[in-house]
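Listed after this line are the structures, all set down as structure tokens.
Presented sequentially are two complexes of chain A, the first with chain B as partner and the second with chain C.
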Partner chain A sequence: MFRHTPLRYAVLAILAIAALMQAFTAGYFGLEILIEILILCLLVLALDLVAGFGGMVSLCHGALMGVGAYAFVALNALAGLDPWLAALGAVAITAAVAWVIGAVCARSHGIYFIMATLAFGQMGYSYVFSAPLFGGDDGIGGIDRFDLTALGIDLSDSRTFALFCLAVLAAAYLFTVAILRSGLGRSLAGVMHNEKRMKALGLITWRVKADVFGLSGVIAGVAGVLAAQHIQFISPGLMNWTVSGEALVVVILGGLGTLVGPLVGAAAFVVMKHQLGEITTYWHLIVGVILIAVVMSRANGIFGWVEARWGARIERRLSDATRASTPKEVSTDA
Partner chain B sequence: MTHDLSFWTLQTLNALQLSMLLFLLSIGLTVIFGLMHFVNLAHGALYALGAYIAASVAATAGFWVAIVVAPIGVALVGVVLYGGLIQRMRKSGPMAQVLVTFGLIFALLDLTRIFWGDLALAMATPPALSGQVDLLGVSYPAYRLFIIALGAAILAALALALSRTQVGAMIRAGVDNDAMAACLGINVERLFFVVFCVGCALAGLAGAVAAPLLSVTPGMGLQILIPTLIVIVIGGLGSLKGAIAGSLIYGFVQTFGAVLAPQLASVLIYALLAAVLVIKPVGLFPAKG
Partner chain C sequence: MLETRSLTKSFGAVHVTRAVSLKLERGERRVILGPNGAGKTTLFNLLVGELTPDSGSVHLAGEDVTALTVPRRARRGLSRSYQKNTLFDGLTVEENLALAAAVNTGHATRLWSDSLSRPEIRETLAEVAHQVNLMPYLHARVSEISYGVRRQLEVGVALATRPLVLLMDEPTSGVGPEMSKGFHELLNNLPRDLTLLIIEHDMDLAFDVADTITVLNYGEVVFDGLPDAARGSKLLKDIYLGSWEDA
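Right, the complex of A and B next:
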């Protein structure tokens, strides 16, 4: 079961404030990095939902994001639909694809699940890579962003688009928390801990897994639509398995099954990539070594480590503080 | 669309050659997994390393020295990896292993770039094998026939070693039930180590023999990784039979798919993999039922 500890609230608040400050103060390049982080955040949120809370370690989430992006382009640029309708359609298509993948892979476990999702992801990748309809390996350019000029909002401006992405991310976060707190999310927790018992209790476990995978696909689809609108160009590289692998790395570096951790991980990963990329072209080496060190330390990522080390202490101190203070102050705190 | 006999012969040879290359890679990976339950995604990076070592050695000492030195070099890297990482990760779950080896891919990729640069290296085929051979009415490059023969020879040697020798019996026992094998006095840890090194050496050998066919680039390990994983998942983890069946299926589907149904070819093999996983979630010939 997902629970918001005071530490998680605090980190979320810090992240939100940092993102807002960055959105209002950064120059063009800083905004591009911010948008990149926000889109990666959406993807790792989707991945943490299935991997951290359902034990379904997926290597097809990058491809699902690609499905969202390509479906959006197909419906918008090729079929001529309104961007909003196209986005809605793209998210629905991604969710459907994810549901089917989840349903098919639900019987596999462990390494077989990883391989099966990898296979589906690569299937999509090689399809768009060779499909002339989608521009093959050249990709497609000239993608429209949403038109919000009626509301006086111009999304072609980087700053506005970054704020828009941030709003979408906030909505997606609340959506994920709502899923985890629903009956479905509780069933999912049960399936992750003891699938046999949940089956014996009469739960149709494959459907729980498929449903959550589908809902995760919704978020991945949204990430895809935003990714397509962000660079206004898509290529099959978006769907390659290394994208999914990197997303998984971010989830692990951040802290699997904490929701907040992967967001921290996404910000750290993108910033590290750009900072190290400036110093050396061999930044993969450094990321690789950090990844090995984090996994071998057996801590649950950066956030998991902080939580294990200081979470209890902070919680105790905060509960002491709330007991000492008047109820009025508590309600403004919350 | 009709094709004459020489077309089928030619494509069959192409398919066999691809199959044998994949077999060399997948057998190491699959036995390591079957015995140690260890998922080594960095296997492809070891293959790339083998290709690089071979290309460098071949430039000074010639091809034959290169295909001996490359497997040894890669096996030595394997020894270091085993001592430093893999031994400690043995008891972790598949996800931690996938991630550590994923990190290892990143690290090895950049290390090869640091040592050998970003440019593709070329390796010449040895003079003795650079000609064409007439076989069943088609003229076929001798070097590709050499790969088929080498793959077949190693396949036969491994099959014999696994089924007829004492070490083979110990390995089979370890795959079947490692705790029981250890109780019976088999030093399972040492067995793991030997198998891991042999697997690494075979990956290095695959890289060395593939180097003259392909250009040697840092990304070649990543390119071959997915086909290798498909092979072992279709075949079933841990078994020689699975690796053989998986490589042949992959080689033939890929080669004939590319010439007979080019539009479908790229998706075909993944669809096949998905179908296998749906029908038999543990592959065709898993080591354990």
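Right, the complex of A and C next:
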């Protein structure tokens, strides 16, 4: 069951402050990197919800983000709908697609679940790769960003768009926490710990998995809409399995099933990609070595390691401080 | 309340359940006895739907539930505890009980409310925790409590669904004599309108709790009657001493 610890609050605050500082001080390229991190954060949040809290390790979340992006393009650039309506439609379509994938794959486990989701993802990739409607392998452009000029907000400005993405990420984080703390989220935890017993208690477990997969699709769909608006151009590469693979690497690197960890992982991954990419084109090799070290260390990712090392100590100190500040009972005996 | 009619199951050439017909009235407490391999747990698996019978039927409160899945039978009031603890190890005792209570009250799939904070769930889990003596352990994780307390929780989780019929597969399996005595009290204090079907090897507990006793051997019912009759049964003694031969 998901719990916010003082350490998790502290890391969230640090991440939020760092993102705000970057948003207000960075130049164009710094802002582009920030937006890339924020969109990846949305994707890994969606993936951590199903993989970290439901045991459903998905290799189709990149494709789900792609469904969100392509659906947005179809409704906005092709059908001419207002970007807000198009975004709403795109998120609904992604959630529906995710629900169906979740419902079909829910009866499989482990490697079979991973392979089934991979197959779904690659079906989507193959379709857009050869669909003339979406520009085939050339991709498609002409995508509008949201229009908030009525509120005096210009989202064509990178700084403003980065702040907008940050606000969306904060809302998505709260949405994910709300899911995990709901009856549905608790049942998901039950299914992950012991699906057989949940069935014996009367729960239709495939339905719980499908519902949470659908909700995860909502977040992936939002990531897709923002990804489409970010570069205002999309190509089939967005739906390739390597995007899902990278998202999974980020979740494991950050800390599976912690929500906060994958955000740390996303920031670390994108920064490493750009910093190491300046030194060598083989930056993937270095990231691979780091991932192997993280996995072999048996810590639950970077954040899991920090939590295991300092989390208990911080909580103990805080509870000691709370006890010390509580007024002691004064004896009134004569 | 619970009835089986000629329930039969084979795995290849091995007949594990042979035309078993049982009828439990509401509030009846029946203990199933039998040596290892007699087909007791298989019978439970057939009753809850984890196994499909080759022939025969299962009826719950007058309804034929043979074709229903495990969750659907559970929702109609058939709950079970397992011989080996089948709990949610990473969660607290309170969360384990709440999961079961939430399924029964329909809160298990709600998105906008926390099942653990619902008054009806809290009421159920407090009542069940009191019934199975888990009040001191509510906030402890399953991994932090002793084996005996886990056995209590195993029964508690099954009870928290508010079943009509509770099937208990060796509730005292692996616990010491002191804790076993505690289980006598625990089972005797359960609501009288709850129908109980218990697999048990502990004879003292069986005779203390049971209204009726059924003995299975090689998958078939070889005795069905009152505890006093079972106590004096030569057949039962022979089965447990190992000298009984297929009649």
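Note that the second predicted complex is superposed on the first by the 324 of 334 C-alpha atoms of A that agree within 3 Å, B and C clash if a C-alpha of one lies under 4 Å from a C-alpha of the other, contacts with A are read in each partner's own complex, and residues count from 1 in each chain.
We adopt the following convention: a contact is a pair of C-beta atoms (placed from the backbone, for glycine too) under 8 Å apart; a residue touches a chain by one contact, two chains touch by 3 or more.
Worth saying up front: this structure is predicted, and the values here are computed from it rather than measured.
After overlaying the two complexes on the shared chain, residue contacts for A:I292 are found with chain B alone; chain C is out of touch. Of the two partner chains placed around the shared chain by superposition, chain B is the only one that A:Y112 touches, whereas chain C remains out of contact.
Shared-chain residue A:A268: touches no atom of chain B or chain C.
Look at A:L163: by the touch rule set out above, it reaches neither chain B nor chain C. In the superposition on chain A, A:R207 contacts chain C only, with no contact to chain B. A simple residue count on chain A separates chain B from chain C, and the partner touching more is B.
Shared-chain residue A:A189: touches chain C; no touch with chain B.
In the overlay built on the shared chain, the residue A:I252 is in contact with chain B alone; chain C does not reach it.
Taken in their complex, chain A has these residues touching chain B: 51, 57, 104-105, 107-108, 110-112, 114-116, 118-120, 122-123, 126-127, 129-130, 241-242, 245, 248-249, 252, 281-282, 284-285, 287-292, 295-296, 298. The touching residues of chain B, when paired with chain A in their complex, are 33, 39, 85, 88-89, 92-96, 98-100, 102-111, 113-114, 222, 226, 229-230, 233, 237, 263, 265-267, 270-271, 273-274, 277-278, 281-282. On the side of chain C, the complex with chain A involves touching residues 48, 50, 69-72, 74-75, 79-80, 82, 86-91, 95, 98-100, 102-104, 107-116, 157, 161. Taken in their complex, chain A has these residues touching chain C: 1, 178-179, 181-184, 186-187, 189-190, 193-194, 196-205, 207-208, 211, 215.
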